[in-house]
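These are the structures, in structure tokens.
Common to both upcoming complexes is subunit A, partnered first by subunit B, then by subunit C.
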Partner chain A sequence: MNAILGTPEFLLTLAATLLLLWDAISNPTPRLLGRISFAILVGLFVYVIELDPKMNKTLWSGIYLWDAEAKFFKLFFILTSILVVWSIRLLESKIEVAKSEFYIITLFATAGMMLLSSVQDLVFLFVALELVTVSFYVLVAYHRSQTASLEAGVKYLIMGAVSSAFLVMGSAYLLGVTGSTHFDAINLALRSSEMKPEILFGLALVLVALFFKVSVVPFHVWAPDVYQGAPLPVTAFLAVGSKAAGFVLLLRLLTGPFAGEEVAGYWIPALAFLAIASMILGNFAAIPQRNLKRMLAYSGIGHAGFLLAGIVSNFFQGQAAVLIYLCTYLISAMTVFIAMSAYGKNSDSDHISNYAGLSRKSPWIAVPMALGLISLAGIPPCIGFIGKFTIFIAVWQSEHYVIFAAGVISAVAGLYYYLGVVRTMYWSNPTDMEPIEISFQTKIVLGLLSSSILILGFWSYPLFSIVNKIFLF
Partner chain B sequence: MNPLLLLLLIPIAAIAAILWLPQICPKRITVTAFIVNFVISLGLFFQFEPGHGYHWVLKYPWFHLTNVAQINFHLGVDGISLMMIFLTTLVSLTAAWVTSKKVKRAREFFIYVLLISLGALGAFLSRDLFFIYIFHEFALIPTFLLIGIWGGQNRQFASIQMTLYLALGSLILLAGIVGLVLTQPLDSRSFDLEAIQQIHVIDDGVQKVIYPLLLIGFGILISIFPFHSWAPTGYASAPAAAAMLHAGVLKKFGLYGLLRLLLPALESGADYWRPVLLVLIIGNVFYLGYVTMAQKELPLMLGYSSVMHMGYLFLALASHHLVALTGFVLLMVAHGVSAALLFALAGEFQTKTGETRIASFGGLYTHAPFLGIMFLIGSMASIGLPGLANFSGEVLIFFGSFKSLPWVTVVCVWGVVISAVYQLRAVRLICFGTVSEVTAKLVDLSTYSARFPYLLLVAVSLWIGINPQSVIHLVQPCIESILNVGGR
Partner chain C sequence: MDIGLQHYLVASGALFSLGLFGIIFRRNLIVVFMCLELMLNAANLTLVAFSRFTQHIDGQVFVFFTITVAAAEVAVGLALIVAIFRIKGNGKTESLKELKF
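After this line comes the complex of A and B, so read on.
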């Protein structure tokens, strides 16, 4: 019992529930609630770091696994959430109603993501995933007087429902064939009996559901509309948190129960194809976009392709590369999103043309944003290069040369549109020279993020020492 | 303190100074930093004891790439990298010096110039492939911004074309490097240059794959025919400092990489692909030579001419001969110096007159004798007049490669005639004749301060041209060790 009370997810859910009650009873100001949520997350971050590092412990009759990878992802999600909650404060004035709940629902979504990193059972997976998805249904449609936000909400709702249906159906198949929903039991059943097509069918259904979440081609069509319509912090949370949540599940499933050669022989070619399609389509479709959120949605599809390529490279290098890539993506993408939020406080930050001449109006926003974009493009010495580099090495080592070639082509295409934004910020003449007010706090956060892009890009030791602890034997 | 680390820290300190001390003229900070760097590199040059092996070595373990290899921050110079460092500091200094301090958005401009110089220095100083790659890519975005913000005609297109081309080249190169590193067995695998040079046996089939990746990857950075189209347009629209640094230094990085990686490790790959390389060389010298002749604008002509001269360097690589490869290093330095001189002059003409067509100039010699003489010397160096550095490099290459590749060498020597045709025509049209309206807008450089960078470049070219032995005795032992390891 004590062990359950001590899990970070439980603490976070409890805190969020208490905040919700407090908000209902005494109506604190949203600003205060935001500060408290921020403090809770920071506290939780420290708590998880300090948490008993005794690995491979299972709780709740074996469905909750606490290992090094889970710890890594929990910290990842908390960090994402810290940055998201912080950026909500920047744009608080744009939220029309129920400002306080915005923070609280974000906390619930975070708790769901953290649970996902420990999942060892298909039913539990479904529950945790729904906690994330339902929270996002609300968050995406939060600007309820704007049609774009409502449209995004409806689309996300329909797509989410469809993907949940796939997940349930797939789980049911797997339960029917193997007699269990627990990963270990599925693993055992797969090893002891001969290969059955039903298993592949069930696995395919489950994977389709996850592909919706990480927006891999051809399950990506919702992403641009939803990213565009959702409030900016939610877009950031979807782009980083939700995507990483999908990938932790893919890693857990494909390197766990379905890692055996018999099954892997089927899913590796399929995923390789999807990885190539996502890299190429995502990056090329981003080129004509004039709306920055839409562009980032397509580029996110491209990044999902790179991450899938890491999973396909069925090696420890591949898994390690996925983790490294996610870290670099977190830092780079959040820098861009926070810079957008800082700019969007007073003006419309969606269209690329609005950024014309930003470098002269406000270097404090333009420099971090340019660094973030260049890092997403994967140019050294920015941190994004380290992610691409590790993925490329893993891909080469597993001899998927076609993926490598597709990665090279799409990286160049990616550079083209990322540089397009940099060009607008640095070359074009600003339409007005009204200086943009930035608070001291914003400067510190943007400064920290952009210096970590450069420093970790050049001195990647911390990144690798964390990941090596998980994967070096 | 390790002098090599100092070379890297000084540009960083200068960038910090520009950021934190806005009241001091950024040009002054930059030029001071580059003078210090140039003096350090001169000191290294005179203290260097010829012989193989690396000097002033500095090595820190950096991080362990999961299950792949240990990566070290590893600096060190041998004779070849010493010459490249010398070239880099020289061209950086002159490039910053010839730039007007009143250039728009001056602080940004000089920060980008410093970054390019830092990247080039790091690439030539590093001995770990990972860092060589990272440092080289330092220059990509600053070059993009330099051309895009301060460029001349057609800058939008030129900057994006150049950046994408170079990024593609770098990624192909990355594939080659990854492939090369992964051929080593896991327990001894490393990104260290020396370890790569000592790989004795790589499977022939693998060599056949990795060789073209490295050749095309580096080749795009060097602008080998037919991947050259970014270079002339890019140089033509770049501000003088960017064109000098890129044509003078960054392009040489690709050649340096080929010398370090292709020669020692991939011999049978080289044999297999040699016919293709020879066709590219002839294309480079001949096709591009004739294209250069057709150019009407000075920056474009210089851009094509600098691309065309890369053919000689590839000839030396293909010949795999000690003398030719010594000439290769000499010509790299010599070409860097002469290209920097000519691009500096073209930049001076363009900013003062706003005109680029060769035919619109005339009478430069009578109107502005100093600029006229400098242009004459630069042109002569570029053609390969004895007494100037390019000649000694080209001669060594032709002598060395004649033995193994007689016919291609004979064809390439014809390139000297081609370059004489277009370069002399440019000299006739620009320097002689009556003073045209455009030339009248030029003001001759009268102060020592303004003349200094040009004189420095000419002095270096003359010094190497008259006394090539001073470079050869540094370079030759390193080439020997590269070739010996390769098994010849």
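After this line comes the complex of A and C, so read on.
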């Protein structure tokens, strides 16, 4: 029954291709296509939940692994994509041409991310990563008549292509030294021979490529521009989906073939340094930002630093903390992005002052958005606190006290700019008092997201039990 | 003189660095794109050289994937450059300065 393993990705790609053909032949309305994409993703979510995570099986001569962690990340990416599709539906009127393809390319990018969560081979890693990245090139530059979007597209393209060149070069060295691209074979080769500098060189190049994807300092320079210029749903997808995809690869590589103490002795200090730099720079550079998307980009760099700190920490505890943090980040960030999309239908600017007095104009948008921002800042009753807390515990117990101190300082800096936006929404006078209409369904989505922020914040047992099951198979 | 693995690695390393320098210092988008291709092809050269000297076929298979993916990237990239030419009338990197703090 091996054939059933690859079905989630296969079905999604097939569905996306069929939608593309259907769109070309009979030209359905984008609204309908959006509804169908949403239904496909929800169906896929239910299907993947039903699959048994315990069958540790592989496909295609071992390059595709199905385990509990792969299942977790596949569900994560599908959920992200569901919310991104919702955000596209809200902002559909803003897309000028080819509205239907926006949904379809999103589906392809999701399929790529789902493949990435099962990667066990460097060639497969490269191809799946490029499926995601090339889809993103198109999505980022989707507003073809706006120079900001095009500029963001070009910047993302150049950075993405540089990082994939680094990835291929690094893989070439790993292949040359160990004689294989498969993770298990690399692992075996590393354990059976002494340490060679070529391996470190190859690993460093591969890691640089992945650091570009997750936008860690010093490889973060593209992020603020691209986040600001891209259409809002794409910014959300980049901030949550693309970042998580980079982290699943880091986890697969660094807890798989490169987990041995000899290699880890080299990458742990390097990652610890990058984690500190990202947390500090990301959170402090976000403070003076006046564009909300740009601010979220810098705060995303800070979150990447927290996640790296989790990877640096003790083996299982650190990994579990990374997964929990990603879950909390998904829920809080997507709440903010969907609230922004619901508001963005009527407004053109992402300037923070544009959100002044939002609470009086539309409490249905303001309350979830404020909750999401507070949760991103990590204030106790919200779910974001649980994420930060588990990371801090993991860091403290693995005795990385410098990272801990940097984390505390940057978390405090984070409070300042997140709450600054909340203050603008609640205590500033709006320029106009025109109330904003949002649909009943969007109210339900926002309500579900914000209640999960609060409920999982108070009672986070489900979150922990899901993540614990992954490591206790 | 025998041409060994090291010669190939040095050559591909030099090409890779040249590509990176070109991306950083050149001001024309088309040239930047050519430099990106140069970097990818330098990586391909490394793969083929390793494959030749260690007798593993995997490296050559990898090269086929890289070439295919690079073609897809160029297709998207050139479409982007054309769109920029239509709006700005040139392909200079200096004209892309709208997004900043």
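Criterion: the second predicted complex is superposed on the first by the 463 of 473 C-alpha atoms of A that agree within 3 Å, B and C clash if a C-alpha of one lies under 4 Å from a C-alpha of the other, contacts with A are read in each partner's own complex, and residues count from 1 in each chain.
In this text, a residue touches a chain if its C-beta (ideal position, glycine included) is under 8 Å from a C-beta of that chain, and two chains touch if they have at least 3 such contacts.
Everything quoted here is computed from the prediction, not taken from an experiment.
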Clash or fit, subunit B versus subunit C on superposed subunit A: fit
Partner chain(s) touched by A:F273 [first = subunit B, second = subunit C, both, neither]: neither
First, second, both or neither for A:F201, with subunit B first and subunit C second: neither
Touching partner for A:W22 - first (subunit B), second (subunit C), both, neither: neither
Contacts of A:F284 with subunit B and subunit C, given as first, second, both or neither: neither
Touched partner set for A:A411, first subunit B, second subunit C, both or neither: first
Subunit B versus subunit C as contact partner of A:Y47, first or second or both or neither: neither
Subunit C, subunit A and subunit B - angle at the middle CA centre, rounded to the nearest 10 degrees: 140
Which of subunit B and subunit C A:F392 touches, first, second, both or neither: first
Partner chain in contact with A:F10 - subunit B first, subunit C second, else both or neither: neither
Nearest-approach distance, in Å, of subunit C Cα atoms to those of subunit B in the combined model: 24
Interface residues of subunit A shared between complexes with subunit B and subunit C: none
Parts of subunit B lying in touch with subunit A, wherever the complex brings them together: 62-68, 133-134, 137-138, 140-141, 144-145, 148-149, 156, 160, 163-164, 167-168, 171-172, 174-175, 178-179, 182
Complex interface listing, subunit C residues touching subunit A: 16, 19-20, 23, 29, 32, 36, 39-40, 42-44, 46-47, 49-51, 54, 56, 58-59, 61-62, 65-66, 69, 72-73, 76-77, 80-81, 83-84, 87-88, 96-101
Complex contact set, residues of subunit A against subunit B: 315-317, 320-321, 324, 374, 379-381, 385, 389-390, 392-393, 396-397, 404, 408, 411-412, 415-416, 419, 422-423, 426-427, 458-461, 463-465, 467-468, 471-472
Residue numbers on subunit A that touch subunit C, as the complex places them: 122-123, 126-127, 130, 134, 137-138, 141, 144-145, 147-148, 150-155, 157-158, 160-162, 164-165, 168-169, 171-173, 175-176, 179-181, 224-225, 228-229, 288-289, 294
